[in-house]
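Two complexes are shown next, each including chain A; its partner changes from chain B in the first to chain C in the second.
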Partner chain A sequence: MSIDTPPPPASPQPAGPQVGADEWVARQQQRREYLPGGFGQMQRAIDGVGWWPRLAAAAVAGLALPLIGLGGFQLQVGIDALVVALLAIGLNIVVGWAGLLDLGYVAFFGFGAYGFALLSSSQIGRHGIHLPAIASLPIVMIAAAALGLIVGWPSRRLFGDYLAIVTLFFGEAFVAFTNNVAPSKLGGPNGIINVDPINSFGHSVTSNEGYYYLLVVLVVGTMAVLRLLETSRTGRAWRAVREDSLAAGAMTIPVNRVKLMAFAFGAMVAALAGTIFAAQQISVFPTDFDTPFLIVIYAGLILGGAGSIAGAATGALVVMVIYDGLLRSPTDSAYLFYGMILLTMVVKLRPWRRLYLILAATAAFGFAAHSIAAAISPSAVAGGSQSTGWIADALRDWVIVPANPQTIGNWGFVLLICLLIALVQIKGAWRTVLLVPTIYLASFVWETRLVAEPAITRQIMIGAILIVMMNARPQGLLGARRVETPQ
Partner chain B sequence: MAFFFQELVNGVTVGALYALVALGFSMVYGVLKLLNFAHGDLYMVGAFVGYFVIQWFGGPNALTIPVPLLVAIMFVLAGLLTGGLGVAIERFAYRPLRNAPRIAPLITAIGISFFLENAALLLFGAQYRVYNTSDFIPFHAGFSIGSVSVYAVQIMVVVLGVALMVGLRQLVNRTKFGKQMRAVAADTEAAEMLGVNVNFTIAATFFLGSALAGIAGVMAGLLFDTVNNTIGFTAGLYAFTAAVVGGIGSLPGAMLGGLLIGIAQSFVTGYVSSTFTDLIVFGLLIVVMVVRPRGLLGRLQLQKV
Partner chain C sequence: MTVPQDSVPPLLELNSLSLAFGGLLALSEIDLRIGDREIVSLIGPNGAGKTTVFNVITGVYRPSDGDVRFAGHSIVGRPPHRVAQLGIARTFQSLRLFLNMSVIENVMAATYGHTRATPPESILRLPWARREERQVRALAEDVLSFFGQRLAGYRWDQPAYSLSYANRRRLEIARALATNPKLLLLDEPAAGMNPAETREVTELIARLRDERGVAICVIEHDMHVVAGCSDRVVALDHGVKVAEGDFDEVANDPAVVEAYLGRDPEALAGP
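Now for the complex of A and B:
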């Protein structure tokens, strides 16, 4: 691990000191830890390119993706992923920069969706209101920002924990409100249907391709705006408040106002995502804005790295593609599951011969266990893998799948959790020994239980992402760890 | 007027239950300064343990052991298992983050809550499991004054709840362990310097708090009869509210807050409508936070540099 501080005098200095009190925050962001060896060189090279060429490359890639021929389902997954990416970069303002835990964020998304739906449907009045998007989008976003101020206000002088509770309740209250209040206008549990598409100047976006392109443009545009905001005075103030609000206050940063601003900006981006979501779905329902969806957004943000715009967007895209796309088919999810295990082992296990040893031991363990189980009772291996293709052929004689897997799979799941906890706690040679049965048991639980319940599996995965990432790599996959300066 | 007193009785019962959950929540907050979002899910696990104990001993209609013994086993087993689970969570997920920024353990706690909720969904399914309390603790076993009736289960819940609260108060105020706990809550580093085993104290506090949540879960199963993987979320939310209204970190405050929330919920459900309970409880929370941010019995905390 190399730490590039302090720079030697001969090397080109980074841009000179920023004005006064901002300097510490500005410099603090630059001290980063890079991987050793070639990966570190690559990181440095990417960091050296500058943000807008990188963003432009991402935009071109995003716009070119449909040209290789996406099916209707894949396009829908892409649209959902982009909506969540927009939400995650908005949440990054509140959580990543200002360090406030906003658990009612999804309600602002819902507010945007409902606001747009009311302004672009026949819900209010005799003929309804059918504003063009160019008018309704700003109205909805400004209203959401105002709502953000109102929600943030009671907890403005309180600690982050209180804010978490108030916003959590706000999210719950939003769902209760849309479910129960004014059913003739808000539709109650039936929601609002027949929402207009995004339309302005006589044109309207009606196809899914259109929404895909619109979302790519919006996501990239928001990222560019936020990137400018990040390095602005306000952006630096947010990070100063996150690091130490008391010190920031002493440096004449108006802490409460800055926090409320972060809240309002986050709400605005969420509302923007909500309008597109409502228009693309043509309808809104209270259940679209429930807590599980909030946790999906958080998982994306945390996976990519809170505090980094690119990280938030990438993490959200990855999480949503896995969550919505891959985990629906047993074969895709089998590739994903075994691929992840293999990848983690390749990244984490050193030296190489240890990796080969464990791989060989796991394979041997599986074949031995399978043949013993088959010898004891044929029904113990009567079930088969639900996946198809070569991966199923490879697994047929390796993983035990009983004819009636539910109960034994449940016990296996509980045992797996215990084994994982034990694995984290113990050190040394026993860890290697325990790793083999743990990997095998994970495959067993996967084939007996998890693959059969994809809807639950993906929720469990989201929870696991949050726990594991916060413990193993709190800066996220893309974020570089900030090096603490010695005091 | 009878309706009023009936709702009051119901409210006090539910309030005792919320107070137990809020107590554990507040204890954990006291020593770790962490909002343990997974607390409500431990309550859910406790309720499931109680359900499986009933099934294990022959089901509600054909019990193989006397009812008092059954109830005792339910409470003890639920307390031990959820306590152990709480310690495991602390060891596995929160201890590595003790010096991390404040937001990291909070996000982990949300992850654990979500994980437990869905693990329970995987293991036990989405259908409601029914305790059928009335089959083994009959309704007529209580007493009634005029038209206000108090059921045996309600008496048991309130008596056990009060006993646990009194016991906990004695533990915190009178024993050496309680002193260590208060020392860790006041200043972890100073306590460590003075020879307090901080890791043990925090783990033990987690055990106690989680066990209280598990016991409250069994109470909820006996009172409300139904168990499902989602009951923890709402209960957790109400317990947070109770703890905040009473003053977070303050144990008498948690009891008072729990009672208030229980009674408020009962009256709102009885006089207005059950659909507005969440909104009214939320409003109560906002009012307390605006008028008295430290809660009813909480001490003013100064932010230290």
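Now for the complex of A and C:
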């Protein structure tokens, strides 16, 4: 085997125009990330501002919100939403940055709540332990970090679904533990009641306003701390491990230690949220820390965009305000339901005349169906809309609500699912035609069944929002676009 | 070039290194020495065990027999990040960049083992943490500038996935340089490149040695690159070292020709 004379060295590349063209192409991708027109300019302007003025503006907005007069219920929704926001920010460390699918995360929240409850109540000893918050908060957070290391240690070599199943087991084990172990101390299913409020130096937070302000400060403070950590060597190491742990190891990053650090930091933030939760509720119960709540935290993180601190907080606030705030009252949830349908149509249906056509056809279809049903049997339209206000007036002569809607509503729901599947499969003009009865049927099912079952409807709505979101914007509200990395 | 035989130990030394996966002998009694600022090419057909040698050196696999000595000390059994910290950096045949991180973050991440700031220090932005961060940034800009216009400044804050294939290969080398290596293991740096880019890779390897002072072990199938840059060539076949010497010696070695092309049928038929 031989080889020709080595080829001549490369001629120097002419600099300038080529690189310029290259750069233009590279920047084109960035330009495409922005919306066209005025919104895009607004995005650019916001992106031009540093992170801390934006965070400060959000903090001021959060602190000013009660001044416009939040009622007791709205304030409670705000508190719950902020607790979940804090949890989502912590989960973002583990899932968004280190890429570890941790399904036992809610147990650290529970650990924080139970830890604070034990240190701030009469459960232990004759007179109980009543530490001030300034002492108990650090103790609980450090203990949670240690627990994170203990849980992370045996599973440090796992990732993906293996890690998910191990951590899920841990989460379930926590609930079983609090339910069954040492009922005289942990209270079993009855939990711990009469937990002290957050108190230090003779002051204590007793009002809901107080907890709201405290939570705004804690959420904003945690966001700032984590933002500083994200851009440090630790943050880079977390993301490097997420992207490719083998390459990270070859680039001097101790993969296992970095994973454990992510677990510990996530656990600390979750425990902090737990302490405030326990103090504000004045009690803790095992069921507060079960898997359904974990799903809400994940929904917030995914909706907002895993990997982004602001995204995690925003997503959690949006999910909780929808889930806990709007979907409890029939009227509010009706606004949300019809508003979402209308918004989706406005965004998705082009050209405009197609949108107008479908809206007019749906309206006509509804009035026709209603009058036919009324002519056949008055009892078929005897039921009223559950919502109140103008939306109920508008729907009175449009949507059919029978006097006894349960059975027919259930069948309508099944039919609606079939129609939705058909709608996805069919292309062209028939899709437009099919859209009209589908929208009408959706309203029918909403008015007859969904609105009467808020507990189930909330889950369905969150699921629907997530599905729509994952199709429209897979990276989440504020997340950065990501490519899949081979493992 | 002859193998240095003086009392100073070579930078890297593999002593009858063997690796078995169950009954399959992937490497069999490999001896290899790489001196300071030496460029050694590792050639051989697919499946010869070239990448496996890299994986054993960097601690991904533990050898079943034999020793790996770096700068006079055995490094067998050390985890990959420790080996990298000692000064052995590598690139990957199938690119393994941190695709969703920015170009400069890819490089900055590789300084983890040589920096000290703890999370609390980073959060508080203490003076030494800030100084360290500035040094990391300066080092990253320095190694990226090594590639001139190819990884020019406007690309630094773009995600790594936006880079072209050839630029991804360059970024992998830049990332490896950021670990401050004494020995650089390049796994097929010219794979998938066009002839002009291949020539550039050949020059780049020489420049890495001359300007960065690193010893280089390069796995390469492109014989232009091998001929253009190697001080010494080592040929592997089926996990066995079959030839070693300068390029012409190895290229004309019957065992190497046989490994690549099979035995000459006329010679087989024989008189």
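Quick notes
Everything below uses one rule, namely that the second predicted complex is superposed on the first by the 434 of 487 C-alpha atoms of A that agree within 3 Å, B and C clash if a C-alpha of one lies under 4 Å from a C-alpha of the other, contacts with A are read in each partner's own complex, and residues count from 1 in each chain.
FYI, a contact is a pair of C-beta atoms (placed from the backbone, for glycine too) under 8 Å apart; a residue touches a chain by one contact, two chains touch by 3 or more.
Fair warning: this is a prediction, and the values are worked out from it, not measured in the lab.
Of the two partner chains, chain B is the only one that A:Ile456 touches; chain C does not reach it.
By the touch criterion stated above, A:Leu228 is placed in contact with chain C alone, chain B being left untouched. Once the two complexes are laid over each other on the shared chain, residue contacts for A:Leu246 go to chain B and to chain C alike. In the superposed pair of complexes, A:Ala237 makes contact with chain C only, with no contact to chain B. In the superposition on chain A, no contact is made by A:Trp398 with either chain B or chain C.
Legend: residue contacts after superposition of the two complexes on their common chain; A:Tyr114 is shown touching neither chain B nor chain C.
In the superposition on chain A, contact is made by A:Leu168 with chain B only, not with chain C.
Under the contact criterion defined above, the residues of chain A that touch both chain B in one complex and chain C in the other are 246-247.
For chain B in complex with chain A, the residues that touch the partner chain are 29, 33, 35, 88, 91-93, 96-97, 100-108, 110-119, 121-123, 233, 237, 240-241, 244, 248, 275-276, 278-279, 281-282, 285-286, 289-290, 293, 303, 305.
Put simply, chain C touches chain A in their complex at residues 58, 60, 79-81, 84-85, 89-90, 92, 94, 96-101, 105, 108-115, 117, 119, 122-123, 125, 129, 132-133, 136, 149, 152, 154-155, 158-159, 161-162, 175-176, 178-179, 195-196, 199-200, 202-203, 223-224, 227-228, 247-248, 251-252, 256-257, 260-261. Those residues of chain A that touch chain B in the shared complex are 95, 99, 101, 103, 154-155, 157-158, 160-162, 164-166, 168-170, 172-173, 176-177, 179-180, 246-247, 291-292, 295, 298-299, 302, 410, 413-414, 417, 421, 424-425, 449-450, 453, 456-457, 459-460, 462-467, 470-471, 474. Across the complex, chain A meets chain C through its residues 1-3, 6-7, 9-10, 13, 15, 19, 23, 26-27, 29-30, 225, 228-229, 232-234, 236-237, 239-240, 243-244, 246-255, 261, 265, 307, 480, 482-483, 485-486.
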